[in-house]
Amino acid sequence: MPRAISSAIREIPFFGAVAFFVILSAFPFYWMLITSFKTNSDLYSVTHVPFWFSDTPTLEHFRYLFEQTLFARWLLNSFIIGLCVVAITLVTALPAGYSLARMTGGKGEALGIGIFLTYLVPPTLLFLPLSRVVAELGLQNSMWSLVLVYPTFTIPFCTWLSMGFFKALPPEIEEAAIVDGCSLFGAFIKMAIPLSLPGILTVVIFTFTLTLQEFVYALTFVSTSSEKPITLGVATDLIRGDIFYWGEIMAGALLASIPVAIAYNLFLDRFISGITGGAVK
Amino acid sequence: MAAVLTRDIVKKFGDVSAVNGISLTVPDGQFMVLLGPSGCGKTTFLRVICGLEKQTSGDLLIGGKVVNDIPPRARGVAMMFQSYGLYPHFSVRRNIAFPLRTQRVPGAEVDKKVAWASQLLGIDHLLDRRPRQLSGGERQRVALARALVREPTALLLDEPLSNLDAKLRASARQEIKQFQQRVGVTTIYVTHDQVEAMGMGDRIAVIDSGRVRQVGSPAEIYEDPADRFVATFVGAPPMNIVARNSGYLGFRPENFLPKDMMEDGSFTEFSFRVDRSEYLGSERIVYGVIAGFDPNQVITAKLPPAHVAEESIRPGEWHPFAVRNSALRHFDKDGQRSSGH
Amino acid sequence: MVSIAEPIAKPATPLRFILDRREVLGSLFVAPAILYVLLLAGVPFLLALYYSVSAYTIYDPSWRFVGLENFADILENPVFLQTLGNTFLFTFGSQIIGLILGKFGALLLLRPFRGRRIVRALVILPWAVPIALATVAWEWMFDSLYSVINWTLIALGIVTRSEAPNWLGTPHLAMLSVIVVNAWRFFPFAIVIFLAGITAIPQDVLDAATVDGAGFWRRNYQIIVPMILPIVAVGLIFGTVFTFTDLSIVFLLTMGGPVGATSVLGFEGFQVGIGSGDVSHGAATSLFMLPVLLVVVVAMLRFIRRREI
């Protein structure tokens, strides 16, 4: 049998397996995609073939989403929440990560792991007392409650992440700056930060995606529709009475998923080196 | 007034003493070399002087002022690191200007000084490049310019030649030493390479296990070692040391010669069996064993090239060798120099 | 020797250099982060503990101490034991499936092939996309009337329309659905973890094994698996903790139904504490998660520490 054909046949199980995984992962998103563009009559039919369009694709769901629902408002909410949480996280986690990275002896390592472990404390345990705290502060039903609470998990994660990339910076450059006249703080600002911009960018992106992904606290603290972040809004608020507006829900889910998916893809490699560098030596 | 003076500096990391009580005086303008094997504490000691580490106990005076609790930038020191520590995100010009800018020196003054320092080191044509675009030698010169631009009381160098390949090292050595003599800045230079130390230092402090074994000029260190460690650390091949009479006897390979090469004067004779010889062009190194001493101890002799008896130094045979008595060094049972017999 | 006038050392630290001291600045830098976490995670945690031994509800915010009464109440409730069992089933089922899929997925993606980048981008989608949005897509896929899965089964002749399973409305099927969605969400993360671990193995070790005569399976199980165990353990900690405490999937797909068949601890805590306003019992329910979490985390950390290469 000619070489090309036999090797092609050997490849078939391989590509078959790959196809299996791709379909497994991506089908629900394909489903999301196609649902967003189907007319309602095409959608709510048990006889039409669901995998492709029977009527012409339509943008009516998207239009409805932006014109008749609070979708745009939710996008804005998430954006503001994300920005504020990123700011809070950068200001707290970067110096903390730096300090831990430059600590001599095992103390830095131990404290770093300690802080990181708080990331594992589940929201479904803390949400009850936090809901009381939020109520006391008068922030119930406001998106600002989320700005307050989200750093409790973004800070531990980002401290550990930034500890990783600050450790990779040779201390000589900061020492040279200190000998040349900088204070310790000056060396941090003028040397460590500019030379760690890729790492800091990763922290920003991941913090943003972490806030977008969050569901439990949002569900617990916010019931007012106009204050909801995008994920909560799309998942719970596109229901009138008992009827789910699937076209709109899928359209909203699609739009909200795309930026996060893109961000993860671009930063996957950095994330991996963050995990392996920090967790396993 | 000494530029740098240390009194009993001790530096511990936990239970480990890296520096075990060093008192050293470096007069103004001197090129002092701290020489010792890896891990002897010389770099830690340098970092204490610089201010990057704080000593556990002891006093440090720079320019006559006590600086124990003062950060590096207020001590009047400049440091050149092993990998130069150039700022990768700054141009060469900004690198050199940085120490001045942190002290809020006015702009015009900064430009003048940067020009002076870069001309001094011959790098003024590189001012707009980035460190990654420079060769190793160029980077070194930028690091030196940056160290100098503040006209420090003391210039500290931490093994600056160890990253260069052998060929460049010799010329770099030359450059640094000439440069220091021209500018006259007090310099403390750390190295493990005794050739560098002997070639560059005005004075050498030999350090081992956190203590100074001996301070002296290269000639003093070589001819008059204070103990066995100094005697064997400096000089290649190292001094031969044999046990004798509850003490030790030492003689350098170049002083261990065939008897018939001895001129008048008193000398001590040894019967030497040659086992192996290496012809190095400029000299011949001969390895063997002396009668009457430990048969497992290898003794080296360094013979000049044009040696007449070359053909007669055959392996396996015993030859009469001798050392002039004035070249013998005696050490007591603790390894300290003694004047014994 | 030149005699030198030596000044006496000054004892006090000049205050103006206080920010140059490593200890001072170091503590200052970590302080905000530690404070934030202590105040907004540590204190609430203690509050949760206190609620669980009090009689606090939002209608009667009393701080009366009731000891372990709440826990006793919960344990006597038969629904609770079902919830506890569900949580374990949910977690272990999805973790195991996720790990297996993750391992094989990683092996497939190990060697470069044309289009690998795109495949990788598609395969990590379930993990990358926010959990609630992905779950909503499944909610639609499991819809009782319009489920695409049922449509396919009917079209393939496996079932008729009247036999079409009600995925989210039948107790065992609902549990299966919930496990599947969670495994689907977890396996890309497992792939990433496995890939990271396997690619970290030095090639010489693998080559040496090949030269020593190890075939594919022996290489796999005796060389690769032991060497990637630490990082897989880390991934498992994350996966287990997040799955065990999750409520999003259950909330969106089944609301714990039908009849508590898919109720899990996190969800139950939410229903009782927030839904019914019974904060003290809600807190107690959630606290049942804690022993399992502690055991998992401590065991894994010990395991990793022992196996550090």
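Every chain is named by a letter (A, B and C) in the order it is written, and numbering of its residues begins at 1.
One rule holds in what follows: a residue touches a chain if its C-beta (ideal position, glycine included) is under 8 Å from a C-beta of that chain, and two chains touch if they have at least 3 such contacts.
Just so we're clear, the structure is a prediction, and the values are computed from it rather than from any experiment.
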Task: Chain pair with more C-beta contacts, A-C versus A-B - done: A-C
TODO: Quick one: point me to the chain whose Cα centre is farthest from that of chain C.
DONE: B
Open item on the list: I'd like the Å distance between the centres of chain A and chain B, where a centre is the mean of that chain's Cα atoms.
Closed with: 56
Open item on the list: Suppose each chain is reduced to the average of its Cα coordinates; what separation in Å results between chain A and chain C?
Closed with: 15
Task: Multi-chain contact residues (two or more partners), chain A - done: 183
- [ ] Can you tell me which residues of chain C touch two or more of the remaining chains?
- [x] 20
Task: Residues of chain B touching at least two other chains - done: 71
Task: chain A-facing residues of chain C, complex - done: 19-20, 22, 25-30, 32-34, 36-37, 40-45, 47-48, 51, 101, 104-105, 108, 119-138, 140-141, 143, 145-146, 148, 151, 161, 184, 188, 192-193, 195-197, 200, 230-231, 234, 237-238, 241-242, 244-248, 251-252, 265-267, 269-270, 273-274, 279, 282-283, 286-287, 289-290, 293, 297, 304, 308
Open item on the list: Touching residues of chain A toward chain B in the complex: what are they?
Closed with: 105, 170, 172-173, 175-183, 186, 191, 194-195
Open item on the list: Which stretch or stretches of chain B touch chain A in the complex?
Closed with: 14, 50-52, 71-73, 77-79, 81-83, 85-89, 98-99, 101-103, 146, 150
TODO: Would you tell me which residues of chain C are touching chain B in their complex?
DONE: 2, 4-10, 12-14, 17, 20
Task: Contact set on chain A toward chain C in their complex - done: 14, 17-18, 21-22, 24-26, 28-29, 31-32, 35, 43-46, 50-51, 91-93, 95-96, 98-100, 102-103, 111, 115, 117-118, 120-133, 148-149, 151-152, 155-156, 159, 183-185, 188, 212-213, 215-216, 219-220, 231-232, 234-235, 244, 246, 249-250, 253, 256-257, 260-261, 264-265, 268, 271-272, 275-276, 279-281
